[in-house]
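Here subunit A shows up in two complexes: once beside subunit B, once beside subunit C.
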Partner chain A sequence: MLLLKGVDVFIGKLHILKKISLHIGEGELVTLLGANGAGKTTLLKSLMGLLKVANGEILYGRQPIHTLPTEERVKLGLVLVPEGKGIFKPLTVEENLLLGAYVRYSFFRRNEIKQSLEEVYELFPFLKEKRKQLAGTLSGGQQQILAIARALMARPKILLLDEPSMGIAPNLVKEIFLYIKNLKETKGLSVLLVEQNAKSALKIADRAYVLETGKIIYEGDAELVANNPEVQRAYLGRDLDREFPA
Partner chain B sequence: MELFLQFLFSGITVGAIYALIALGFNIVYNATSILNLAQGEFLVFGGLLMWYFLEKLNLPYGFSFLLALGATGFVGLLMERFTIRPLQKTADPLLLILITIAFSILLRGILMFLFGKDPYGYRPIDEGPPLIIFGAILQRQVLWILLFVVLTLIFLYLFFNCTMIGRAMKACSVDKTSASLMGINTSQMVMLSFFLSGIFAGLAGILITPITFIEYDKGPLLTIKGFTSAILGGLGSNWGVMAGGFLLGILESLIAGYVHSGLKDALALLLMLIMLLFRPAGLFQSAEQARLRKL
Partner chain C sequence: MREEELRQIQTERLFAVLNRVYKEVPFYRILFDKHSLNPEEFEKPEDLRSYPFTTRDDLRKNYPYNMFAVPLREVVRILPSAGTTGAPIVVGYTRNDIYTLAELNARTLKNLDITKEDFVMITFHRGLFASAFGIQSGAELIGASVIPTNLEDPVKTLRILLDYRVTTLICSPSFAIWLAETLLNSELNPNTFMLRRVILCGEPFSEAQREFIENTLKVKVYNVYAVTEVFGPSVASECKARQGLHFQEDHFYVEILNPDTLGPVKPGEIGEIVVTTLTKEALPLIRYRTGDLTSILPKPCPCGSPFLQTERILGRLDDLVLFRGVKFHPGQVELLIEQITKTKVLWQVLLWREEGVEKILLQIAPSESIFSDSFSEQERMRKEIEEKLYLEFGIPIPVKFVEASSLVKEGEAFKKIVDKR
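Moving on to the complex of A and B:
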């Protein structure tokens, strides 16, 4: 469904992503792991068109999208929940959610959007309670949930999540991950999950990619990845006992 | 008391005009972080165009009104497409502001070429005798001006709180990148902001011309007054800048009445300096609020 072919991305003169190739199938939950500075966020930004792709192609279905502006990609169904949430703090919670449905909005379909809003409220009741409050007054974790809920308002086909568990209480993280998995299974949503919380991510993912200094160094089933020493070295830090046996 | 009321009425009249100009400033500022210093020329353009439709072509009042309003909006839109948009991604905001000055000079030149240097005026909306309130004279046009300001406020409230496109504009002014991640075409929002600012300035011109007359070179001073109002109220908030407009108008008129009429224009410049030095975020918002708005 989404296919990257030999993508190179530069920020200024720095070569951040080097010949990245990956794919996400329909209804697949793929997680992208990697240490800080490996280029995960850069990859998501390039997918959304916030950064320019220097070489290579991004195909959505069969359509090349790497030259489209960001808003066109959103219209196609590619929605990003950015790191640091990107919510509109001086706007109310409800306004934030409605803006999530911006691409679906037309005067005649406004009831449909109201319905989506109710669905989201049912899922996260605290959002309904606080719908008239400014989004900036929510706690960090609540803001994160708002950002995810807002992305869902767009009815995405591919959801890109950048560190969704950052700053959220562990029980909520579990809930959110279960919810994402549920969405994938019931609605056929494809998900690309970028996560620090590797263990939880690998638990719900179908496949995983491991990124190291701009290159994909490993690709495989989530279960295999979880037990792979290479991955542990790249992601969880070096296993000194194995590298330098006593 | 009569004198005070009289000064107050005239202050409210010009204040309403400043408020509309300041509103145009603010809408463009929110969408682009630049100042459109051609606001005053849009006002003059609106007034002169109204005269042309009404007196030269003898079109009905309401029709001329809408036509002149649409035309100023359209010029604002053209200005954005041809001067701002090609440069917006690459150019420094200061350069863009200079471009708006260049555009204002161009527009003023065209207006002089088309209308000459004479002042123009036409009949007010309502030609009945002025009202006398506690001995002070209140022209009927002033009531119309206030009515249109109230309508503008209602429009703004509904537009920004009840329509998707208004919300999208707000989102753009808060955070452009996040707005584009919502699928909002930010460049269209910039265009819309110039269109709206053209319309508000045009509205001010159409309404004020029957009272004060208007000639081609009235623009720059009105731009300064509108900008001062925006600074007074605090750029960023639509309600704040409109309040700033009325405040400046009333202060000016009181100073002109009680002290010396020559001080009228100096007051705006002085206030602008003082505000920029000591309270750049405006009277009605703290520096923090202003920052939150732009982040």
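Moving on to the complex of A and C:
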């Protein structure tokens, strides 16, 4: 569904992403793992058109999209939930959600948007309770869910999530990951999940890529990646041999 | 899986494996640097053409562990290359590798409709140990009942086939032929067997041999291609259409190259199989020259698989001799004879089939200097050579002293190997 072919991205003179080839199938939950500064967020930004692709192609379906502006990509169904949620704190919950449907808005389609809003409320009932509340008054976990809900308002086909677990209480992380898995299963969404919390991400993902200094050094089924000792040492923060010395 | 998806997966995995070996294996780092190749610039599968080859010799030079891409504590299975002696090689598997190997073999067996209802008898001898392991893990993953045996007695094997109600037999072609011959000479009725398919692995075989096994045992015969160094069995296998081998291209990047020009061959032309492993962790190989020859089939297979389809293995590039699954080089035999006789002598290996069974005989024409009048002295030397041969290759090779004039000549020179199989 989404294809990257040999993508190079520079920030200034720094070569951040090196010949990235990656694919996300229909209804697939793919996770991208990597340490700080590996280029995970850069990859998402280039997917959304916030950074320019120097070489290579990004194909959505069969259509090359790496030259399209960001809003066109959103209209096609590529939606990003940015790192640190990026919600509008002084606005109410409902206003935040409506802004998610901004690219879809027209006078004739306002009922359609209303319907989407109801759907989102159905998925996350607590948002309905707090719809008049200012977004800034929500807890961290709730804000994250609001950010995801806002992304859903744009009717995405591929959801890009940038570290949804960051700055959130560990027990809520589990819940958010369950929501993400649910979205994939019930709505058939394709998801690209960028995470540092590799252990939780690998639990819900179908496949995984490991990014290291701008290169993909490992690709495989999530289960295999979780078993790969190198990945375990580098990203899961554990070394089985040290935990259970022979 | 569509062709396009396959190309994408191959590109992604090739990039990852090239960068991994560059980082982890000094041999490849030096090699790539020597050719001024930067794996970070790798973009599409065609780029692989500029990469150097890996040969069996490289594996020998880096014996035992220098080609491994993971620390040894991650390696959970190590297989020495049995049978192919001389300078030995070693292959290793991580836990994930073993899982992948089982998956690959399960895929092969599933394609042939093997289910958990099946009774699968796997019988290989020493030389094909690696194949036996791999196929067994695949069959067990499916949940079939596996009967691993190391029997060399075809009568006993027939007994097991009958009594255990075996539906699938997996063995080497020579053993299957031997079994068929034995069945013909026995009282048993082939129609009373539950056996439905025979899967052959380990040696090349001809269509005539396939037909013979099929008609005698009343089965369908399928072919599985194994390369121990690359992964083991199921690098390629036949589907139910039995029109040639399908390479499992999501795990191996396969090139069929002209052995002289080393460029790709057109469909129909004979070329060498060159394999790059895509998912192997312990011992990844870049452009490994297998020495096996085949040709690409021009027509797509009716099964609809996107994988590369080739003719069965048509032969070997080098003069490696394959006998009952044991591979050896004529040079090894020469070295061994020289060690014992202390001089250069004329010798010749005869290979032929007797009632379907492969036979071997080493003929030596002793020179004046080692020729002894004493019969017992000569007999002692003959015994010694036989013993050494057995230790070296693991199979009994009878030795006979003959007159030089009785050796088969080709033009002026004596042939080292006379293959009448």
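Assume the second predicted complex is superposed on the first by the 232 of 246 C-alpha atoms of A that agree within 3 Å, B and C clash if a C-alpha of one lies under 4 Å from a C-alpha of the other, contacts with A are read in each partner's own complex, and residues count from 1 in each chain.
Simple rule for what comes next: contacts are C-beta pairs under 8 Å (C-beta built on N, C-alpha and C of every residue); 3 or more make two chains touch, one makes a residue touch a chain.
Since we're looking at a predicted model, the values are computed, not measured.
*Asks:* Consider subunit A as the common anchor and indicate whether subunit B and subunit C clash or fit when overlaid.
*Replies:* With subunit A as the common anchor, subunit B and subunit C both fit in the superposed model.
*Asks:* Regarding the shared-chain residue A:P156, is it in contact with subunit B (first), subunit C (second), both, or neither?
*Replies:* A:P156: touches no partner chain.
*Asks:* Check whether A:G39 is in contact with subunit B, with subunit C, with both or with neither, and answer first, second, both or neither.
*Replies:* Neither partner.
*Asks:* Quick check on the superposed pair: does A:G136 touch subunit B, subunit C, both, or neither? Answer first, second, both or neither.
*Replies:* A:G136 contacts subunit B only, not subunit C.
*Asks:* For A:I217, decide between first (touching subunit B), second (touching subunit C), both and neither.
*Replies:* A:I217: touches subunit C, not subunit B.
*Asks:* With subunit A at the apex, figure out the C-alpha centre angle toward subunit B and subunit C and round it to a multiple of 10 degrees.
*Replies:* The three centres form an angle at subunit A of 150 degrees.
*Asks:* If you stack the two complexes on chain A, which partner ends up touching A:G77: first (subunit B), second (subunit C), both, or neither?
*Replies:* neither
*Asks:* Is A:I87 in contact with subunit B, with subunit C, with both, or with neither (first, second, both, neither)?
*Replies:* first
*Asks:* Figure out whether A:P229 sits in contact with subunit B (first) or subunit C (second), or with both, or with neither.
*Replies:* second
*Asks:* Minimum Cα separation, subunit B versus subunit C, post-superposition (Å)?
*Replies:* So the smallest C-alpha to C-alpha spacing between these two chains is 28 Å.
*Asks:* After overlaying the two complexes on chain A, where does the subunit B footprint on subunit A coincide with the subunit C footprint?
*Replies:* Dual-contact residues (subunit A): none.
*Asks:* In the complex formed with subunit A, which residues of subunit B make contact?
*Replies:* By the definition above, subunit B touches subunit A via 164, 167-168, 170-171, 174-175, 177-186, 292-293, 295.
*Asks:* Could you list, by residue number, the parts of subunit C that touch subunit A in their complex?
*Replies:* Within the complex, subunit C touches subunit A at residues 5, 8-9, 11-13, 15-16, 19-20, 23, 40-44, 70-71, 73-74, 94-96, 99-100, 279, 281.
*Asks:* Could you list, by residue number, the parts of subunit A that touch subunit C in their complex?
*Replies:* Result: residues 3, 5-6, 18-19, 21-23, 25, 56, 209, 215-220, 224, 227-230, 241 of subunit A touch subunit C.
*Asks:* So in the complex, which bits of subunit A are touching subunit B?
*Replies:* Interface residues on the subunit A side: 48, 50, 69-71, 74-75, 79-80, 82, 86-91, 95, 98-100, 102-103, 105, 136, 150, 154.
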